[in-house]
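Please find the structures below.
Across the two complexes that follow, subunit A remains constant while its partner is subunit B and subsequently subunit C.
Showing the complex of A and B:
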């Protein structure tokens, strides 16, 4: 078992280091193949671990590899644990990354940095595995920063593009802001429990006072907000779409961005002690779900629309986790990983076909040439919209039920409304890309379907997006012990059925409306003249509520200007100038007084007289002081000085 | 030989340097490399014979110099100083090995060997006067390196460096004399031996004054805000080798001296000054990081980043607990490795283009991928990526200080944000984008001689990030001794409270920190 654990963990690292050997050499296909095989090995080991945990009823596999840091009372090992929660995440990570690796062999075919791509991608998988498998907060933080680093390297993969490197830095720095919160959370855990191991810390949490726990919960959640791009740290995710599309599928949809959700689920023993923080998380989640969906409504960038939908779905997960429905959040995380990765890879096919064109208004009618991609993206969108019997139906509906059952009707209402928006913008995208007139012909593009093996690689995701719902019951039974799960049952069956059918009808109507509006022959490439494009709401949403603008104008620019002032004005003009000034005074005094020592006898005599007078007057003063010293003491003591 | 290994470590390079005058110009490089390698080998030998489980001084040497005034030639190492000595020998070795073509190469190498003597001396000395002598002597070779091989403003920069630090050291010397005088008053004998001074418990008012006197000397050396303005000039004008040694080793003298002198001698004053010093370090961290962000010259970015990192080191030192102090000592090593490597990397591009302005570059990752990779590794180490050497030190320093203050640590923790900002933007300016300048199109990638220095540094930066134990353990043991001493000596309530009692703490559960107190 331990061997399997180590294989699952380190195969991606080997893959990354192997690929890194070839970074400076021209493209070699075998690098991609071997990397994919190694990631697949990791997937197989994870499957075996899952099997042994499920079938043999093994509690968990826990290993301690070696000490990392030990000083004072602090003891942090490299410890890894495979329990039911982490094995679920590991399955998602290894499965999606295997598929993305194979897919990338085709997608990055013509890229001259093919080998470097695989080095980064596998490094990401390794970091993600560390994040998921660690048995302590410090180990989690290693993975946490590691995925941030790989995300930086992959968003900025095409580093000749200014926009790509800008987005990479933005993502890194914004995540760092959140990581500070996470770090403080870790410090709080250590100084209050004396350990960073989950097991030990959770044990002590039960004895701590709620105020401390609240602080721990808040600071850890700030870390989660950065990685999972929750408001107000969300802007990096949409900009991160500058990276290659397989990266978006793996990192910015399926795995890394869900790390925040994983953190909350992992710390469920903490968050279930502080329901107030949980409610805040849930409210923020519901807000982000709606907020992100609204931005997706009007966007004209295919990848950004999918990114907003990711953001919105992360909001759903947080809503569930915040309400204490940890297993529901985890299940939605899994299901979402499948259909969202599928959606992104499909978008990758479209981008390839359209020569990196991203505006769906410039596409249209692609279903004729890209039949399989069309089918896959449609099914992924159905799953995303939550249509029965696809994956999203089971996971999303359970979140709605949980919100309803917990009597948080506002959250329920927001999430329900967002479900309609989700359906609308997803099918707006599908309709614009695959239906209607073939608008791409104006731009002289001749699209083609992706390589056969890329489609085959995507097929497991397709199947899972369709049938993952069946897994809900077994998943629940597997996870219920560890996540203290309870099934959410609405008491009355009638209510339940009304809710189910109502939701389905609502969502279906949204889909039909989207088709009606965008799948017709009258869609034109917008040129900024139509009334709707000039309406305030459209502009407001299209500019992402002016939040990026606000950040640029009121945070980035002042920071830059203040830096300049600190350097040019404060450091050079005040601090350094006063140092030089003091030196200058001393030097100047010497320079001036040098004239006294001219060697001229009459001058010297004059100075001698001056000196004599000064000495004499000093003597007089001292003499008088000595004589009247008693009186002076009295005077001084009267003044309180002596 | 082991009995005198410290003396050998100190004087071998100096004697070799004297003989160096007789060596012919063509063979001086080989001579320098061999001397430095032997020196490094000796330092490794010291490390391997060093017993990591002993917390006290080892390899002690004692030779009376001026017995009537208690001035003795006392040497010794513990976990605190050992690794800085090894690091100094290491940097001298790779510094000479990677030295590019310089005019007067012979003088340069001899100067560096003299510098090595003073560096080993400062960290091995256990007598205040001997310490002071090496401390001041280290200025001379550095003055010479900046003044003779520096850039256009070299005379101004070197004199500023010399006079500024010298002025601070004089105040420190006065402090030392007073300290010895108080020792004389208390015991009736003169002594400058540090271990004797450790036994002396001073009244708190005296401690405050003496702490201030030492502080000025150390703070200028570190350099701490607002005494830091000499450093950008020194770095800006110094040749690569000068910057490397200045950043990697010489700055550590100040931070090391805080732990060697200020903390154990003046525990009450250290506890009393904790908050003001923490405020200064927070200013250092944020303010200099912002200045680094505004720089146009990549070397200045690294120079200001050094000050910012030194802020974290001082903060860890004044956490006054084992975690924090251990972290700060580890961060000294880490910062030595990383900033040394970064200065070497800046030197690589300077040798090729004779400019350090970032606007002159851009797109270098296309032309020099290996250079970009190593720079990237060091960049990530510098911003404190976990599993690199800096993270361990930064994490422990901040973790340690968190016990003392929540809000100050939160502010100081912005180091991880502001650090990422200036480093990533500098990297973006230099390496990303398209190659716009014609001169950059045919730059050769990093060559073998440069790799000799950079590969070992990269390996260390990652190895000690993953497995810091060999260094952390001896440091930890010595630090525990220091903290125990401080707690025992502390008289004021404040100091007793701030400096943890290790004996008690081992037995019971850790003291709970209460965050509300500070918030309300």
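Showing the complex of A and C:
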């Protein structure tokens, strides 16, 4: 068992280091193949671990690889745990990353930094595995920072583009802000419980007073907000779409951004003790779900639309987790990882076909040339919209039921409305890309379907997006003990059926409306003259509620001015001046006393005599002082008494 | 009047002062050697006198050491001096400026 755990954990690291050997050499396909094989190895080990937990009924595999820190009362080991929660996450991470690795061999085919890409991507998988497998908050934090770093490297992968480096830095800095909150949370955990091990800390949490727990919960959640791009730290996620599309699929849809949700689920014993914070999380989640969906309605960038939809779905997950339905959140996380990764990879195919064009208004009618991509993206969108019997139906409807059963009707209403918006914008995208007139012909692009092996690599995701719903029951039974889960039952069957059918009809209507509006021959590339484009609401949404503008204008610019002042006034005039001054004095002294070194022996001898006399007189002075020290003390105390 | 420790020490100090003045003033390398010899021997006198005063032989042993060192120093120094004279034709300190910084 332990061997399997180590293989699952370290195969990605080996893959990363192997690929890193070739970063400076031209493209070598075997690097991608070997990296994919190693990640696949990790996937197989994880599957075996899952099998042993599900079939053999092992509680968990817990290993302590070595001691990391041991000073005084502080003891932090490199400990790893594979229990039912972490094995679920590991399955998602390894499965999606295996697929993305294979897909990337095709997608990055023409990129001259092919090898470097795999080094970063595998490093990301390793960090993510550390994050989910660690058995203490410190190890989780290492993984947390590791995925942040790899995300930075992959968003800014095409670093010759200014926008990419800007987006990479934005993501990193935003996460830095949130990580400060997370660190404070971790310190508070250690301060109050004396340990960072989950088990030990959860044990002590039960005895702490609610105020302390609330603070811990809030600070840890701030970290989760940054990583999962919750309002108000959400702007980086949409900008992170500057990275290559497989990266968006793996990091900014399926795995890394769900780390925040994982943190809340992992700390469920903490959050179930503080329902107030839970309610706040749920409300924020519901708000973000609606907020992000509204921005996706009008956006004209394919990848950004999908990014906003990710944001919106993360809101759903937090809503579920905040309401205490941790298993529902985790299940939605898993289902979402499958269909969202599929959607992103499909978008990658489209981007390749359209020579990196991102505006869906400039596409249209692609279903003729890209039949498989069309099918995959349509099914992924159906799953995202929550149509029966696809994955999203089971996970998202359970969240709605949970909100209803917990009597949080406002959250329920918001989430229901958002489900309609989700269906609308997903199918707006599908309709614009694959249906209607072939608008791309104006731009002289001849699209082509992606490589066959890329489509084959995507097929497991396609199947999972279709059938993941049947896993709901087994998943619930597996997870119920550890997450103290209970099924949500609406008391009256009539209400339940009305809700289910009502939601389905509502969503289906939204889809039909999207098709009707965007899948016709009259769609033109918007040129900013139509009435709707000049309406206030459109502009408001298109500019992302002016939040990036606000950040730029009221946070970034004042900060830059402040930095300028500090640079010009404090740094240059005080710090630099004092350091330069000290150096200047020494340099000047050297320059002046240089004359002593005339090279003339008799002058040097004279200086020697002077030095000798000085030393001698010093010795005499000190000797006298030592001898008469008592008298001197008396004299000085007399001076002080005056 | 008996000649005591103080007389020897005064003699030593006078010799030391003469030697020091010579080290400062002399421009001739050979005379500079003489001056350093005077310095060293003034110390030897002080050592021997104090050693006798305390009845402890350590000081006199030191004086012997110093004599030995002074002899070797002069041997090396004179060797160098002769080489210098052969090369430059003088032993004037003012001309020895090759180490100017």
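Simple rule for what comes next: the second predicted complex is superposed on the first by the 569 of 642 C-alpha atoms of A that agree within 3 Å, B and C clash if a C-alpha of one lies under 4 Å from a C-alpha of the other, contacts with A are read in each partner's own complex, and residues count from 1 in each chain.
To be clear about the criterion, contacts are C-beta pairs under 8 Å (C-beta built on N, C-alpha and C of every residue); 3 or more make two chains touch, one makes a residue touch a chain.
None of these values were measured; they are calculated from a predicted model.
*Asks:* Does subunit B (first) or subunit C (second) touch A:594, or do both, or does neither?
*Replies:* second
*Asks:* Would you check which partner chain A:187 touches, where first means subunit B only, second means subunit C only, and both and neither mean what they say?
*Replies:* Touch partner of A:187: subunit B, not subunit C.
*Asks:* Have a look at where A:68 lands relative to subunit B and subunit C in the superposition and call it first, second, both or neither.
*Replies:* It touches subunit B, and subunit C stays clear.
*Asks:* Comparing subunit B against subunit C, which has contacts with more of the residues in subunit A?
*Replies:* B
*Asks:* Using the superposition on chain A described above, determine whether A:160 touches subunit B (first), subunit C (second), both, or neither.
*Replies:* A:160 contacts subunit B only, not subunit C.
*Asks:* Under the stated touch criterion, which partner chain does A:145 make contact with: subunit B (first), subunit C (second), both, or neither?
*Replies:* In the superposed model, A:145 contacts subunit B only, not subunit C.
*Asks:* So which positions on subunit A get touched by both subunit B and subunit C?
*Replies:* Shared contact residues on subunit A (touching subunit B in one complex, subunit C in the other): none at all.
*Asks:* State the interface residues of subunit A toward subunit B in the complex, per the touch definition above.
*Replies:* Touching subunit B: residues 23-24, 66-74, 138, 141-142, 145-146, 149, 152, 156, 159-160, 162, 165-166, 169, 172-173, 176-177, 179-180, 183-184, 186-188, 190-192, 194, 211-212, 215, 559-560, 562-564, 566-568, 570-571, 575-576, 579, 583 of subunit A.
*Asks:* For subunit B, which residues are in contact with subunit A within the complex?
*Replies:* Subunit B residues touching subunit A: 160, 163-164, 226, 228-230, 287, 290-291, 293-295, 321-323, 326-327, 363, 365-366, 369-370, 373, 380, 385-387, 392, 395-396, 398-400, 402-403, 406, 409-410, 413-414, 416-417, 420-421, 424-425, 428, 431-434, 466-469, 472-473, 475-476, 479-480, 505, 509-510, 512-516.
*Asks:* Which subunit C residues qualify as touching subunit A in the complex?
*Replies:* The touching residues are 20, 23-24, 26-27, 32, 93-94, 96-101.
*Asks:* Considering only the defined contacts, which subunit A positions touch subunit C in the complex?
*Replies:* It comes out as residues 594, 597-602, 605-606, 609.
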